[in-house]
Structures are given as C-alpha cells and as structure tokens.
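The structures come next, written out as structure tokens.
The same chain A turns up in both complexes below, where it pairs with chain B and then with chain C.
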Partner chain A sequence: MTAPAVDRAAARSGRWHIPITVEQRAASRFLQQLGVNLVALVLAFGLGAILLLMAGDNPFDVYREMFDRAFGSSRAFRETLRSTTPLILTGLAVTVCFRMGLWSIGAEGQLIAGSVAGAAAALVLGPSLPASLAVAAVVIAAALGGAAWATLASVPRALFGTDEVVTTLMLNFVALGIMNYLIYGSVSYWRDRTNLGFPAGKVIPESTQLDPYFGVFDAGLILSLALALIVALALRRTVWGYQLRVAGDSRAAASYAGISATRQIISVFAVSGALAGIAGGTFVMSITFALEPRAIAVNLGFVGIVVAAVALLKPLLVVPIAFLMGALLSIAPSLSIFGVSPAVVIVIQGIILLCVAGAQFFIRYRVRITRAEVGSR
Partner chain B sequence: MPQETELAVRTIGISKEFFGQSVLEDVDFDLRWGEIHALLGENGAGKSTLCSILAGLYHPTRGEMMLAGAPYSPHSPHAALEAGVGMVYQHFRLVEQMTVAENILLGNPDVPVRMTASGLADRAREVMDRHGLWIEPTRYVADLAVGEKQQAEIIRLLNRGVKVLILDEPTAVLTPREAEALFATLRNLADQGQGVILVTHKLREVQQSADTVTVLRSGKKVAHQGVEDTTTHDLARLMIGEDLAPGSGVDASHTTGDKLLELHSVSVVSDAATRPELDDVSLTVRAGQIVGVAGVSGNGQRELAEVITGLRTTTSGTIRLRGEDISSQTIGSRINKGMGFVPEDRLTRGLVLGLEIEDNVLLRSQRDREFSIGPFLRLSVIRQWARRLIDRFDIRGVRRGLPISVLSGGNLQRLILARELSRQPALLVASEPTRGLDVGAAEAVRTTLKTERGRGVGILLFSGDLEEVLGISDEVVVMYEGRIVASRPASEVDVAQVGRWMAGLT
Partner chain C sequence: MNDWVLIQSLVVAVSTGTPVVLAGSGAILTQRSGVLDLGVEGTMLIGAVTGFWVTTATGSPFAGLVVAVLAAAVFSMIQGVLAVSLRANQVVVGVALVIFGSGLSSFIGSQGDPPLARRFSGAIFTPVFPESVHDWPAVGPLLLSHDPVVYMSWAFVAVVQWYVFRTRTGMHLRAVGHDPASADAAGLRVSGMRYLHVALGGAAAGAGGGYLTLRLFSDWFDDMTAGMGWIAVILVILASWRSLRLLVAAYAFGAISSLGFTLQLLGWNIPTELLAILPFLVVYLVMVFVSAAERRSQMPAALAEPYFRESR
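The block that comes next holds the complex of A and B.
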C-alpha cells in the first residue's frame, strides 16, 4: 500500500490561520460588563479625538463642550432625558417585536398614531379632568392609537403572511401623511384655529403638560423606566413572554407547543404598537404640547431600532443605550453652532455607537489568543 | 521510521475539555492508509469530538497529532482540508441551488474565474472518473436524494485532494440500500489508498464494512482491534461497559383496556393532483397497548403523527380520543386531554435550542396550572422540575445560563422523552424515539415505553427500525403510500412478512 502524498507544509500551517478562539461566556458579571463598556467608550473617544485633530479641532474643547451640552446644566440634562424617554419606549417596542422574529419597522408610524390619539385625548378630556386622570387618559389613548396602527400590519401578517417589513414601513408614511393633513391640509380638531399664521397644532391644556420634577425629569421618564422593567419581567416571567421567546427561536417548536401563531403575532404587535404610541403621547405632553408634525416626526421610531439592536434586544439594556443615544441626539444641533462641522459630530456619534455595540460582543463571548503549537512532548 | 509512513493519522494523548469538563481523555488513535476504521461509541463517548479535532474544527486541550508522519495541528477546517483531511458532516455542506458540478468545484482554487457550464461539468466528470464515482454533474443538488447528496459531498472533498476522509454517522440519514452503496464507495476509496474514518454507533455497520475498530467510552479509548478478531457481542460490551440484557420480546402478562384513540377513515389531501398524504386510515389504540407503525419512511407516517397531534388538519374522517371527537381541536386542547408527542424533528420542533433547560421542560406545559398562576410563570417550581428531570433521566452537560444547544444529541433526545413522559400522558405518540441513540440508551427508551404501557398508557410508535416495532409492539400496522395495508397482532407476523408489506407486496 502506498501512502498518498500529503502536502507537509500545508499540514503544518493553514494559510488563513487566525490564532484566536471565541467562546460563549456562561454568564457575565455586572462589573465585567461595566468595565467592557467603559473601555469601549474610552476607545470611542480616543478614535474621535484623532478624527477631530484631523479636522483641525481641539478634541478636549469639543468633548468638554459635548459633555456640558448633554449633562453640564440642569437644562442640558433635562434635554438629554427628554430625548431619552421616547427612545426607551420605541427601543422597547422594537425589542418586543424583534424578539419574536417579527421585523417591524413601524415604531415611527405607531409613535405618530399615538401622538394623534394622545393629543386628541388631551384636547377633549384635559379641560374637564383632574391633572393625574387627564395624563392617564392621554397615555391610554396614545397606547390604543399605537396598538391600533400596529394591528393594521399585524392582522394581514397573522392571517395571510403579508411581509411585515413592507407593511409597517409603508404605514409609517401613511401615518405621517395623516398627521400632516390634520395640521397643514385641513382645519381639523387638532389645528389651532385662532392662529392665522403658519398652521400649528392646538396647545393641549396645562393639566396634561408634564412639568419636570426638580427641573430635570418628568413623569414620562418614570413611566418609560417602569415599562422597561415590566417588559423585562413579562418576557422572563409570564406565559406570554415565554411563548414569545419560544416562537422567536423556533416557529415549529411553537406550533408543537400549542402556541397559536395568529394570536401571538397580533398580541405582540399590539404591545409593541402601544409602547411606541405611548412614546408619542409622552412626547406631546412633555415636549411639543401640541400635535406638531415637524417636531414629532424626527425619526425617534427609527432610532428605536438602533437602540434595540445595540441593546441586544434586552429590555433593561435598552435604558442605558437610549440614554446614551438621547445624549448624542441632544448635543448634535448645539455643537454645530459651536463651530464643529455637523458631519464630524455625526461621525463621532457613529464611532461611539459602534464601539458600544461592539462591546456587547465581548460581554457575551470570551476571545482568547490560542497558542500556535498545540501540545508538545 | 518506516512504519510511520504507513500511518495516515496518529494521535498521541489527545484530550479535550469543554467548560472544564473532560470529553476526551488521553486518546491514542491510529489510522492506516487504505483501511476503513470504525470509531464506535455511545452518544457522548467523544467520537464526534475526536473527529472534529482531526478536521480542525476544535483544538485539543492536550496532546499531539501526526499526519503522514509529519506534525499536524490544523487551525481551522480549511487548514485541515488543505492538509488532506476532510469530514462529511451529518448536515451536508452543499449549496442546494447549485448543480453538482458547481458544488464539487466550489472554492477550488484551480478553477478559472470564467468557466462555462459544460466546462465545469467536464471538470467534475473527470474528478468522478478518477475515483470511480458518478452523479450527473448538471443536476441541481436540491433534486438529489439524500444518498446522492452524500456522494456529491464525498466527491467534493476528494476533488480538494482529501486523503483522509472522516464520515460522521453517515448512515443515519440513508435508506438501507443507500447505505450499501455508501459502503461500496468507501471500500473502493480505501482500495485506492485513502484512509477512511467511519463514526458510528451501529454494531452491524462495523461488522459489515470496517477493517479496524476503535471503541471509545466516556471519552477514553477502551479498545482498538481488527474487526475480524471480534464479535458484535464483544463490541457491544466494550461500548457499553457491561453485558447487554437479552432482548426481551412481548410479555403477554399485561391486559389491554378501553379504546383510547380511534381514527376512522382519516384522509389528508393537500394537492388534488398527487396521491393523498393519508388515504382512508383507520386504526385504534387501546389503553395499555403499544401499536407500532412500520413502513418505509415517506409513506404517510409523518402525516399520520401530525394529524393525530393536531399539527395538520384532516381533509375527512374523524379522530376520537376517549370517545370524544378531537378532529378539529387545537394542539393545546389535545395536550390538555393527555396527548404526549415525541416528534421526529427533535431539534427544530421538539426543542427550543436557543433557550435554557427550564424553558425546554416547560414546552407544551406553559398553560398548566402547576407551572403558571394566571399569566405568570412559577419560575422556582419550573426550575425544581427541570432539576428533577435532569436527575431522573440522567441528562448530562446542562449548564446554567447557557442554551441547551450545548447538549449532545442523545441528551437532547432524553430531554424530550423526559418531558413528554413526565407529563403522564394518556396517549403517547412517539416518532422515532430511539433514532440516533446508542444501543444502551435505545434499550432504556424501549424499557421506559414498556413501563408506561404497563401503567395503562396507550402508545402509538412510529419507527423505521423494524426490529424495534416488532420487538415491543402489541399490534403492528404497516403503511404504504398513505394507506394502512396490514394490521396484525405482533405475535402473528415476522420480519419478512412485514418487509413485503412495506414494499407494497401482499
């Protein structure tokens, strides 16, 4: 028997050998997670500094300015938290759908639907109800509005398998069109008929305008934090959340377990829509105080997708990511005034997000450099 | 050393640990050129791990390897392939939408960037001629039978210059005839001087096709000998570590009870143009009875199991459980009425691989009062329950916080059985409950089924293993082209008779 020739050089070294192995971590500790994230932020600011130097700016000045404008004063901090609230909610909305493998990108439209419904409730019920009830009514109306809008996409998805990516995306434009029509295209109930200048929304009664506590955060933020906790608990500890996780991992296993796909899809979409709708309702109550299309349609629903993705679809992780994102969003306009090119600001935002997103990989996986030679005797 | 070049592969003291658990311990393994070397062992014995190390997928924790007398430590499957070691996995690495020729030549550095379809086909033919194998190169892989796909995979590896061919449980997916063809192919390759490693837990295959056998047990090598010098009985003892209990046939001591499941003229027609999936099927399962369904795979067994458990709807006919018509009831209500189901697709349907063990023991019981109060899950009860099942059914390799995809195939199968049996079903529909299990584990499953029967459970058993069906069933029904062609007490039929029915003969 002759031995077939074997390329001995190739046997010794693979051409594409990268000497690292990646293993999933069993569990990661809080301090470890914190550490990895901090390293990511340091790295991001380092990379950003190089970029700023290349653009002719002093990185220390720019960073100090960025910090001041995000957290430096109670006014600045309030702005950051104001952007954080809707991002937590849209981030949660996206998380719920994506966890079941429903690729809804309709949070934007649902947020708008929630704003319209919430503003209507505020205008109708605000004058006659005590403040706390009025606010609750707005939240409920906004949730129902968002859920209803999501149902327009979920029913065809559940019954006929219509692609939810297409329907939810298109419904965003329909919602935007309707909101624009209500204010700019008609003399609707939402429009301020006393204002003869540029069309504007009717200002909601004061009882439904949220005042910040300590001048920093308002009830909307507390509500969004509570909802993050509720969503996290619902996913982990309820039958509904369990069925969602099973269906998200394997549709075949879900049907085997007697989980009705139709019912689960419609309920998940409704919850997701309600969360996005509440984002719209609180946005109206704490920022715009009226149905104001140009202030409301600022892509908070789309940014929610980024938040959810960076947060690895973990509801509790959505909160800090939304906060970071909120800070980045709130400093962008003011930094451009400070003299830094808006393009550079966007790139720095991108670098920070990229590094934080990358850090989540290192939290879930252990990466080791492997020895080139394996064993020796 | 002259004798070194006779060895294709030599491993010296290979050990591998996962998460600090040892799965291979100090294994020495030699493969000669021109031999078919069976690697025999139970599920979890370390066969797949050893092969994955040889194929560059894993790196050993300790130990060294030689290939054709030279040190060998592949860093990746790609490096192993370059060095001449290729593995045929149970799930083929083929692109279904491409032709056989395209698949064979895919990733081959010698193929020019631009090449016509006929040029590719000619190249592929050349490769096949060289090795005496043949599959029409212009056919699409999606249209091939499983056995042909496997052949295409082998040809693909041979074309990449593979000299050591590793096959992981290659016959698990094959019909007996396809398996024969595979063994002929492997013998031919060995005669050409290739080294062939055949991973298996089937003793018959070892006797039938291998020259040499290495037996692994719990990660350690327990034997290495020529197949001629050994018997099936010896191998079984080496593999399991103790003497097998003699095969127990039907015990006549138990009595059968009332009618549990009744199917009356059940048909399933999904496409009027083709033959019905199920055609006028009637059968009865009584309490305390095992009804075994025999048949060549694809003759309606899957559809029958699905229609009973509610995954598929009937076109006509009725299904009764304890006298109640359940034909149009949901899966959930059938579960509540005491229907257990071990599905054939255990990885995609029977389990949720991305979730943890607690989530998996809960599957199908999530609405059960024991595990939920209103909308809330009783997590601590579920956790305790999971722990009890792990102990009672000896499920190994569970890691807290990690999805169950880290478990081995045998342990996953045990997990499904544990879950379905622990629910104390009135009726158990079990599809291929022992497929992929080693001798000892399969015997344990059969014993469990018999115990359940003794407690009054009615069992409908689907199995491709005819001996299993005849061995433990009270009643045997044979399916052919969606119909039940025979139904007899198991004591009145023999294998040859059932085999003829399965082939559509009378």
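The block that comes next holds the complex of A and C.
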C-alpha cells in the first residue's frame, strides 16, 4: 500500500518541477533582518496605496497629508511623540513575552488594568501628595495593576499549561468590560458624578497631569525610553535575561539547565504586564486625564505586537518603530477631515504586520532559482 | 422560570450561537489540517461587510451570503500563503489578519454614498416555515422557527463530523494535521490539503460573519463581531476538534451571551456592561479548569507548526 503511494508522489514531483530551491540559512545577519523588515514596511505602504487608489483617493496626496500631520509642525510632532509613549511600552511588553516564546496577546487588557489602577491612584493620592510623588505613585499602581492582570494568565500557564493565547485574549475582553462597567454601567469612584450628560471619567488632579518639558518630552516618554534601555540591559546582561533567552530558544535546554519554568513564566508575564500597565498609567496622565474607555481602548496593546514584530523583538529597536507607528496612530482621527476613512491606518498596520510576518521567511531561508535538469528530482 | 421564557431564551441562544457554529466548524477543518487560523475574527468581519454590501445592492440575502463566503475564502488565502508557504508564525499572522480584517471591513463600510455603515438593508433572511407552525408546542419554536442559515449550519456540522471521521479524505486531513512528514511520505499533498482547508475554514467564517449582517443585527457597524471570532477559535479547542461538541459549546455561548434577554424577560435588570463580560469570563474559567483536569490532549499534533520538507 505504501510503496505505490511513494511512487505516485515521486511521479508528481517530476511533473511539477518548480525551478526554485529553498534552503535554510545557517545564521542571518542583523542588518539583513532589518533590511528585510524595512522592505516589508515599504511594501505595506505600497499595498495601502493600491487600496486608496481603488477607493478613488490619490495615494500620494493622502500620504503627503499624513506625513504633514505627523511631522509637519511642532504641534504635530508633539502629538506623534505622545502616541509613541504607550507604543514603546506595549512594544516592550510584547517583546519580553515573545522572546521567551510566550505568545501573550494580553497587552491590551493589561494596559486597561494599568489605566484603571493608575487612575485610581491619581484620584486618591493626587490631591494630597506633591506632584512628583503622585506621578510615581500612579506609575507604580499602574505597573502593579498590569502585572496582576497578567498573573491571571501566567499562573494557569505555569501550573496547568493553559494556553496563554486563549487566556490573554479572553482577559482582554474581560478587562475592557470591567472598564466600560466602571464608567458606563455604574456610578463608580472613577466616574465623574457632577457630569449629568454622557457618562465620563472623573478628571485626575492637576498634580498628576503630565506637561511636556521643553515642549516635547513629557515624563512618560522619558520613562518609556529609560525602560527600553533597562529591558535591553536586563535581557542582555542579567541572569534573568539570559535564562529567558535560553528558554526562548529551547524549552528543553532550559529545563535541562535547571531553569524553573514555573517561576520564569510568572516573572516574565509580570514584567510584561507591568510594562503594559505603565503604558495605561502614562496614557491616562498625559492624554486622557481620566478613565475614558473610548479613548483608552484603541488597540494600543495589539499595535504593540506590530511594533515588537517589526523591531525584531529587540528592545532598543522598539523605540524608533514605536515612533513610526505612533505617527500613524496620531493622524488617524484627522484623516476623516479630508475625506479618507481613518480605518486606512488600521489597514496599513495590519498589512505591515502581515508583510513582516511573511518576510521572516526570507530571513530564515534562502530562495534560489535553479536550472531545471530534465528528469532529475 | 416558566416554559415560555425558557423556550424563547433557547431560540435566541440558537440564533446568537449560529455565527460561532459556522465559524467554529470551519475552524475545525482548518485546525485539523495543522494550521491554527487565529484570524477568524477578521475573516468574519470581511464576510459581514461584503455580504451586507451585496445585499443592499441586490436586495437578496442569499446573494449576500454567497459573496460573504467567497470573499472570506479569498481573504483567508492570506493565511494560507503566510502560514503554509512562507511558514510564518501563526499567532502573529492571526493577530495581523484580525487587525487587517477589522481595518479593511471598516474601510469598505465607509465607502459609498451614503456609506454602508449608515444604510439599512431591509432584506434579511426570514424563517423557512410559515408562521403557523412556529406555535406548535416546543418543536415549533425550537426546530421550525429558524431561518435557512440555521438549518445550513446544522447540515454543515453534520457534514464536517462525517467528513473528518468517516471519509478517506477526512482521514488524510487528520494525518496531515497530525504528522505531516509521514503524510508526505505516504504521498499526500500536505500544502495542498492545508490550503484547501484554510479556504474552507475561511468560507465558513464568512458565512458566520454574513449571518451577523443578514439576520442577527440586519445592518453593518464597525467591529460588530465583538470577539465572536476569537470565541469560535477557542471553542474549537474546548470541543476537542469535534463539530457536534462545538455545536453544543456554541449554543452554550449563545445562551450566555443572550442572558440579558432572558433576565429581561424575567424582569431582572443587570447592567449590560457586566453581562458583556460573562461569555469571555466563562470561556477563560472553563479553559483553565479543562487544562487543569486534562490528561491527554486531542489536539492535532502538528497544529500551528509549519511543515518544511527539507527539515524533517
């Protein structure tokens, strides 16, 4: 039974001989990887242009307008930087987990948990503490909130092997639902009780609202840059980072080396959750100034996956990529003014991630066109 | 709880669960072939918006459903190319497809004058059997009051069950998802099987999305799937990749999602925001308990693993 089947397969491959061979690369250079990803980025904008053409818009005009609105004025540049901060942090959160081969897509929910905890700290402690202490308290509360939310996924993963893709996803929706409930479904501590119109979050005290220094950098951005550096150093120079990279390359090797998977999974998730949580806390302090579900739940966690993937899971590369994605994100609302659907930005983000995911093939494999030799296989 | 409330709740659970039945049964085929398509949420949105578009243009929900199925199958080929041919990370591709599908469907929905998102189609699927039989005790509302898509979804579940376990191709499908190297050695076309079943899964997700605009909500709005696609993928795991179990799980999801409706009939008032959390919380808890109690997974052994002939 088996033998003829093999023959059939052989006959088939003879008939359909494609003059391309695919070889696994032994190792790939960093610049080569970066180059492939940059090509993927350009390709994504090219595909986006085709979509714009099909919708009857002139892609050059749209892209020029987008560029102007992201970088054209100091105000535009400031908006771009403000959108960069949360993306650096969610990008780092995703990087830490993905580097270990933990496919957490929970940054979204952890960011929301961080926003809720951070806003609570701002509302409770803001009035009584000096500004710098109050801001620090919000950051710490947000980090704890995000880390706690991540623990709901990491503990089942570590103890029972519960798939983290599933749990983090479900927890995203639960977190979103809780935040909606706090503002729209109940008269909670976070809700502005003096506002009788559409339900809104209570504005945080001025001491916790971040002002940009030198008109550009606010404390959130500086903190996120520092955290990118810390994560890069932690991955490269600490035992924790070393063990994480070993486990990311091979679980089996890590377990032979006596690295405790349980402790590692929980600690990596906690760090990742804390980073995403801080993204939520700083977002509340520098952009929304209140727990505003509609402004907070804008897929920053998911875009963090795009950032991390394009940045090749390198913490320092996360910063420029987050800046690029932040530019895209900050112009989305203004697109509708000149008649283009803001959804274009989401489409381009999706295409970028698809292109980058596909481009990894050309990093891992070498594709060569070979001359077909008749009769050979 | 009186019988009338119970029966009405079950009827609503069936229609709420139907998109998940369709998308989930399709996802069983995809995952059985060894490809984990996490992009179902995005694929459903593509089906929903294209189906709505064609129905507003033609006035025929059937034409809309056909286009929803075809568009979604084409859309899912992105998954096919990336996951099968380019061996990309399937988690990343899935998330990318959800972002892309969400953006693209919203973009399509913003086209036209007035835009699709502000149109009301009017043409939706209606019950197959005449009103008079709907009042037959129990059987009437539960079995005879549905629209054609619900009956198609039942047929689809039965066909998937039969195909996977009772046909030769179904056996090949399971082989490809379980041990692609051996399947390849035995002469099966691993990539071809995977492409085909990614397309079938996409088509079914498109039908599920189409059901949202052509029956359940009867109009289009951004991100209207609201997590249904993710739920479908996860229920496949809970149902151990078996479509009959998936049917039960999907209706349980439908019942939990429409709990607000039931409670309203009973005169209770619980904030919708809290009820909206419930299905996701339940799935999370069930997943944790199932994995804690599980002895042996029924998962296709090569799920989410790209196959590369040269590296076996």
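Throughout what follows, the second predicted complex is superposed on the first by the 273 of 377 C-alpha atoms of A that agree within 3 Å, B and C clash if a C-alpha of one lies under 4 Å from a C-alpha of the other, contacts with A are read in each partner's own complex, and residues count from 1 in each chain.
The rule we apply is simple: a contact is a pair of C-beta atoms (placed from the backbone, for glycine too) under 8 Å apart; a residue touches a chain by one contact, two chains touch by 3 or more.
Computed from a predicted model, the values in this text were never measured in an experiment.
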Check: Of the two partner chains, chain B (first) and chain C (second), which one does A:260 touch, if any: first, second, both, or neither?
Finding: first
Margin query: For A:240 in the superposed arrangement: first (chain B), second (chain C), both or neither?
Written below: first
Check: What is the contact status of A:186 with respect to chain B (first) and chain C (second): first, second, both, or neither?
Finding: second
Next item on the list: In the overlay, answer first, second, both or neither for which of chain B and chain C A:361 touches.
Entry: second
Check: Which partner does A:198 contact after superposing on A: first (chain B), second (chain C), both, neither?
Finding: neither
Check: Does chain B (first) or chain C (second) touch A:166, or do both, or does neither?
Finding: second
Margin query: Can you tell me whether chain B or chain C touches more residues on chain A?
Written below: C
Next item on the list: Check the residue A:353 against both partner chains and state whether it touches chain B (first), chain C (second), both, or neither.
Entry: second
Margin query: Residues of chain A that sit at the chain B interface in one complex and at the chain C interface in the other, please.
Written below: 2, 6, 8, 12, 24
Check: In the complex of these two chains, what residues of chain B are touching chain A?
Finding: 5-6, 8, 12-13, 19, 32-34, 56, 59-60, 62-64, 67-68, 70-76, 78-80, 82-84, 161, 163, 193-194, 310-311, 330-335, 341, 343, 345, 348-355, 359, 362-364, 366-367, 372, 375-377, 379, 399-402
Checklist line | chain A residues within the chain B interface of the complex | finding: 1-4, 6-8, 10-19, 21, 24, 26-27, 236-240, 242-243, 245-246, 249-250, 252-253, 255-260, 370, 373-377
Notebook entry, point to check: In their complex, what parts of chain C are in touch with chain A?
Noted result: 38, 42, 78, 81-82, 86-89, 91-93, 95-104, 106-107, 109-111, 184-187, 189, 222, 227, 230, 234, 237, 271-274, 276-277, 280-281, 283-284, 287-288, 291-292, 294, 308, 310-311
Item checked: chain C contact footprint on chain A (complex, rising order) -> 2, 5-6, 8-9, 12, 22-24, 51, 55, 103, 105, 152, 156, 159-163, 165-167, 169-171, 173-174, 177-178, 180-181, 184-186, 299, 302-303, 305-306, 309, 341, 343-351, 353-354, 357-358, 360-361, 364
